[in-house]
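Labels for the chains are A, B, C and D, by order of writing; each one numbers its residues from 1.
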Amino acid sequence: MSDVVLQTRSLVKHFKSRDGAVRAVDGVDLQLRRGETLGVVGESGCGKSTLAKLLVGLEKPTSGAIAVRGQDMVRLKGGDLRRARRNIQMVMQDPYTSLNPRMTVGDIIGEPFEIHSDVVPKGKRRQAVQDLLDTVGLNPDHAGRYPHQFSGGQRQRIGIARALALKPEILVCDEPVSALDVSIQAQVINLLERLQDDFGLSYIFIAHDLSVVRHIADRVAVMYLGKIVEQGHDVAIYDQPTHPYTQALISAVPVPDPRLRGRRDQIVLEGDVPSPADPPSGCRFRTRCWKSQHVCGEQEPVLQIRERSPHPSACHFAEVRRVR
Amino acid sequence: MSDTRSRSLAGDAWTDLRHNKIFWASGVLVALILLMAVVPSLFTSADPAVCTLANQNQGPSSTAWFGYDFQGCDVFARTVYGTRDSLEVGLLSTLLAGVLGLIVGMAAGWFGGVVDAVLSRLTDIMLGVPLLLAAVVFSGRLSSPFEDGVFAVTLTLGLLTWTAAARVMRSAVITAKSQDYVAAARMLGAGPARLVFRHVLPNSIASFIVVITILLGTNIAAEATLSYLGAGLGGDAISWGLQIAEARNYARIAASPLVWPSVFLAVTVLAFIMLGDAIRDAFDPKLR
Amino acid sequence: MFRYIVRRLLQMILTFFGATFVVFALMFANQDDPIQALAGEKPVSDNVRAVLTERYHLDESFPVQYWYYMKGLLTGDLGRSMAGRDIGEMLSGAWPVTLKLSALAIVVAALIAITAGVWSAIRRGGFFDNSTLLMTLLLLAVPIVVLAPVAQLVFAMELRWFPATTTARAGLYDLLLPAVVLACSVMATQLRVTRTSVVENLRADYVRTARAKGLTPRRVTWVHVLRNSLIPVITLIGVDLGMLMSGAIIVEEVFNIPGVGFNLARGIRAEDGPLVVGFVSVLVVVFLVVNLVVDLLYAALDPRIRYE
Amino acid sequence: MTDIKGQVDALPGTDPRAPLLQINDLHVEFHTRDGVAKAVNGASFWLNPGETLAILGESGCGKSVTAQAIMGILETPPAHITQGEVRYRGVDLLKLPEAQRRKVRANRIAMIFQDALSALNPVYSVGFQLAELFRVHRGMSRGDARKRAVELLDQVRIPGAKSRVHDYPHQFSGGMRQRVMIAMALALDPEVLIADEPTTALDVTVQAQIMGLLAELRRERNMGLVLITHDMGVVADVADRISVMYAGRVVEEAPVYDIYARPGHPYTRALLESIPRLDLKGQQLSVIQGLPPALTDIPAGCAFHPRCRYAKDPCRQDPAPPAYSIAPHRTARCHFFREVLGE
């Protein structure tokens, strides 16, 4: 198990609100191995962005543990925590708000070196920044420019360069391409894949776009209302989904091939996602599920390998159904 | 993207300001007013304190451009010399209000929670007392009629007018604080000082500056109002407000002692408000 | 909605105590020898001093004095002025004409500010917009101490269109000039806020929807945009009441209107501490109550607050 | 219903045999501080009843501006329609007086927008906003209009329509709000519905619901649907024909099957290739180099030439390539369409 770089155990985050606790993340166990990409998919409000913030320490978990290379990030303090945090960095969704408009690109990418002054000696920082710009495919001479002089895709590259500055092993990518146009998306995805090969990075890749996740991820976790409902290798999830929610989600994604029109097994779910402040008892998906039975309201299904599910699935009636 | 020069937002704003006629007009006016306050003798050779009743209510002449008032004082000289006290009170009270507002607003916005609740309530309470009403209760003249009152009025206005700046600063800080780039810096391990001074402050200061510029104008007007009511400057101070109060009773006999201090007061306030407007437009061009 | 009202009420009570405390503390901090101040420049005999000390509880500590002040304020007993008159009675005699004056000023200011603000927002960049912008600049720059005497000189004394002074039983026309002067002190900001707010709302997506529905421009502006745009203006009108009160002191003094501001101005000139503090305290309470009402009105305009 | 419409909103000059909607050589410019932005530079397409036409393109390609020009809701200034025709059943809407133009909106051509939360007025109940249409265009009484509003909410399958009609937009979920928008667009039985990115802000499961609802309503009413989107999956699922826009021009127009099988313009081809596909997993995605041009500074000749791998000298010179007819019902603005098609 030495190649596990990141592991969470029963990770929980509840936010206080007027209507009681919002259970944004409610017991998440996941593992990330070296050089691997774990895709996390789910609809808005499923807790995937909160999960990302927990992983990089922007939010404190209500309970549970996050281990990076065996060190519990929740318990670490002071200098140890700062050093441990270097190992896990994030690429944010919105390239327009994630860069300080009053700092030059060189200052933005160089800021990690100023905060962790022992990483690169002062005299070599300029060179380091230019190298990083070069690595992400930007002109190193543009270090003196300001963020608003770059396009969305270029700004996302700046964000990636900043995340790479401290040479982390793990990158958490929170919807890194969803704000970009299709043709620009492909450029950024290619860059991320190339960096993974060059530096042996491990990715947590969070997205709502299932086809992007399928392209980049080795394993996929599907989240619904703060819980992982199904987890497995990409082929297992996309071709042999066993959880009804996964099946509905995959079938809802339009396929860019008109020949398949009307010939796909489309499951259209009724209604909306319930409020995470007051999730249904038992299985959280039962209110929208066509398989729902009495037991689903009584007993919460555990995420595990089941008789008819060769990979972990949190459904009492898990069963493979090819939906595309 | 065609130009290779790097342009910061402040740089953009400056480029914008340079082409703004209103900015230059108000800037020149402000500079002139400041000069008048610092070296009034550049503008008039007459001594404002020398008044001869023989000159009472005389009309404008080549020696006294604006004529003489009821006491026989040179209106132009008194108006020019009035700039100093007015500006002194305006600048110092705005400085005080600005510092208070900056601290309160930053603290409330940055810390949030209990600090914000307490400071916001305090701001509400201060806003619950209309400025002039509080000022007339507090200002020195009520009990000490023999000082010039500059210190008392400055303190009064400073302590009572920080609320607007604090509110603006608070909401700007809250907006800036929740931006992704702050989260990104925090994630890199940046300490609170770096977060505040490198990320939050530079991105929230623009609207604060605008409020302060406008406050400068309104505080000068407030001083004149207080002095007019007899709750502001007094003693041997020269103030436009005092001049207006005196001249009003004889306005039908001689309008010039009423009109000229009024014009100077209005132009000063106008200059600062226009300057604030120009700066706002430069930083926030979308609302033009 | 209920929650919102309760919260606002609690807030107001807190602000009430805070604000009156501020007023009292200001007065307390400001007095070195209040009895001497009361008497002006005459010497004060020990006997008189003892009576006055007794009457104003001057030998008590700050909290006790504050207690007497609050008790008086809450029971409507504002004590006596330096001249020996009952402050409560003075107030009740003075407020009707002030109410008339400020109501007139609010209506004049709001009417002009909102119509002109909407117009210049629609025609932004046009002649009307530019001239209103210039006008608001001038209005902002001319403080009421300048405007009131000059307006009196020009319109009342020289042109004789309006009476220069009035009595307690002044009619609406008699009060029109002072009301307009008073309105000028708040009109500029109201107009600018209206304009900005309408400009912002005209760009909102729902305006596009309203146009796509085939509604006339008039309906889009006056039904869809206006209600959204008024939300910040309404708040401002509440806050501006403070400006109006301050302005009323000047205007009533200049035009000799025997209202609250007139009495207050005289109190200030006469250095009548109890009168000033009593009047100011009541005005602060009025200000707070009006702002509470404004906040409730706000909720009526904006369902997002009503249903929060 | 049709006869009511005939009486209330007669539009003289309409020809029932003319295409339902035909856009010819539409040009729209924006006058900005940075110069003249040419948002639409000669867009042309047509639409038949019961048909779904997808206008596909990335942000800034002019697809939304085109839609708003058709509706006549562009803000002028800064926008100016400098050239072109928007023909509805043969009548050029751009030449109509504003009062008549207004009657076309919502009655004949209706539109729904991307972000339903901001597209609905926050301070009025959805019932008011729906009923307003009947009151303004049909002169109905308050009560009747309200009744029709409830019926409409019912038709777009909002549960509990009778009580929800009193609710405000912020009280609805994203999907329900878009249903309200659809109800509003369909209220007066228009013949053309323009949907501008109707599901972009929604989750996929909700997107499936909304697209299903739109398809069903279109079929029932035999409406023409103009679907504006950047999502090639959605297009493949619902469109009959596609117009691909780039830098304000329709660069390719074709039936949906043909375009996915054999794109005729390099841009379309590159777009299709940049979608992640199952069989290419583990490989690099093919990308379009560079960025779309700034609308204030569109390259001479074919606007796509700086990013095009087929580009040769003629592409870099004005005039821009004409709309070559490359097959029945297919056009492409590329000098080298044969190469692109792989012939």
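Please note the rule applied: contacts are C-beta pairs under 8 Å (C-beta built on N, C-alpha and C of every residue); 3 or more make two chains touch, one makes a residue touch a chain.
By chain, UniProt protein names: A = ABC transporter ATP-binding protein; B = ABC transporter permease; C = Dipeptide-transport integral membrane protein ABC transporter DppB.
Since this is a predicted model, take the numbers as computed values, not measurements.
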If you walk touching chains, what's the least steps from chain A to chain B (ABC transporter permease)? 1
Contact-graph separation of chain C and chain D, given in steps at minimum: 1
Can you check which chain pair, B-C or A-D, has more C-beta pairs in contact? B-C
Taking each chain's centre as the mean of its CA atoms, how far is chain A from chain C in angstrom? 55
At what distance in angstrom does the C-alpha mean of chain D lie from that of chain B (ABC transporter permease)? 53
So what's the Cα centroid distance for chain B (ABC transporter permease) and chain C, whole Å? 21
In whole angstrom, the CA-centroid distance of chain A from chain D equals 33
Junction residues of chain A - those touching two or more other chains: 151
Where chain C touches two or more other chains at once, by residue number: none
Check: chain B (ABC transporter permease) positions touching at least 2 other chains come out as 1
Touch list for chain A against partner chain B (ABC transporter permease), complex: 53, 56-58, 82, 85-86, 89-90, 92-94, 97-104, 111-112, 115-116, 144-146, 148-151, 159, 162, 166
Given the complex with chain C, which residues does chain B (ABC transporter permease) contribute to the contact? 121-122, 124-134, 136-138, 140-145, 217, 221-222, 224-225, 228-231, 241, 244-245, 248, 251-252, 255, 258-259, 262, 265-267, 269-270, 273-274, 277, 287
Residues of chain A touching chain D in the complex: 43-44, 151, 153, 181-187, 189-190, 193, 208, 210-212, 214-216, 234, 238, 248-249, 251-261, 266, 268-269, 272-273
Going by the contact rule at the top, pick out the chain B (ABC transporter permease) residues touching chain A in the complex. 1, 6-10, 179-181, 183-191, 194, 198-199, 202-203
Sort out for me which residues of chain D touch chain C in the complex. 68, 71, 73, 102-107, 110-111, 113, 115, 118-125, 132-133, 136-137, 168, 170-171, 181, 184
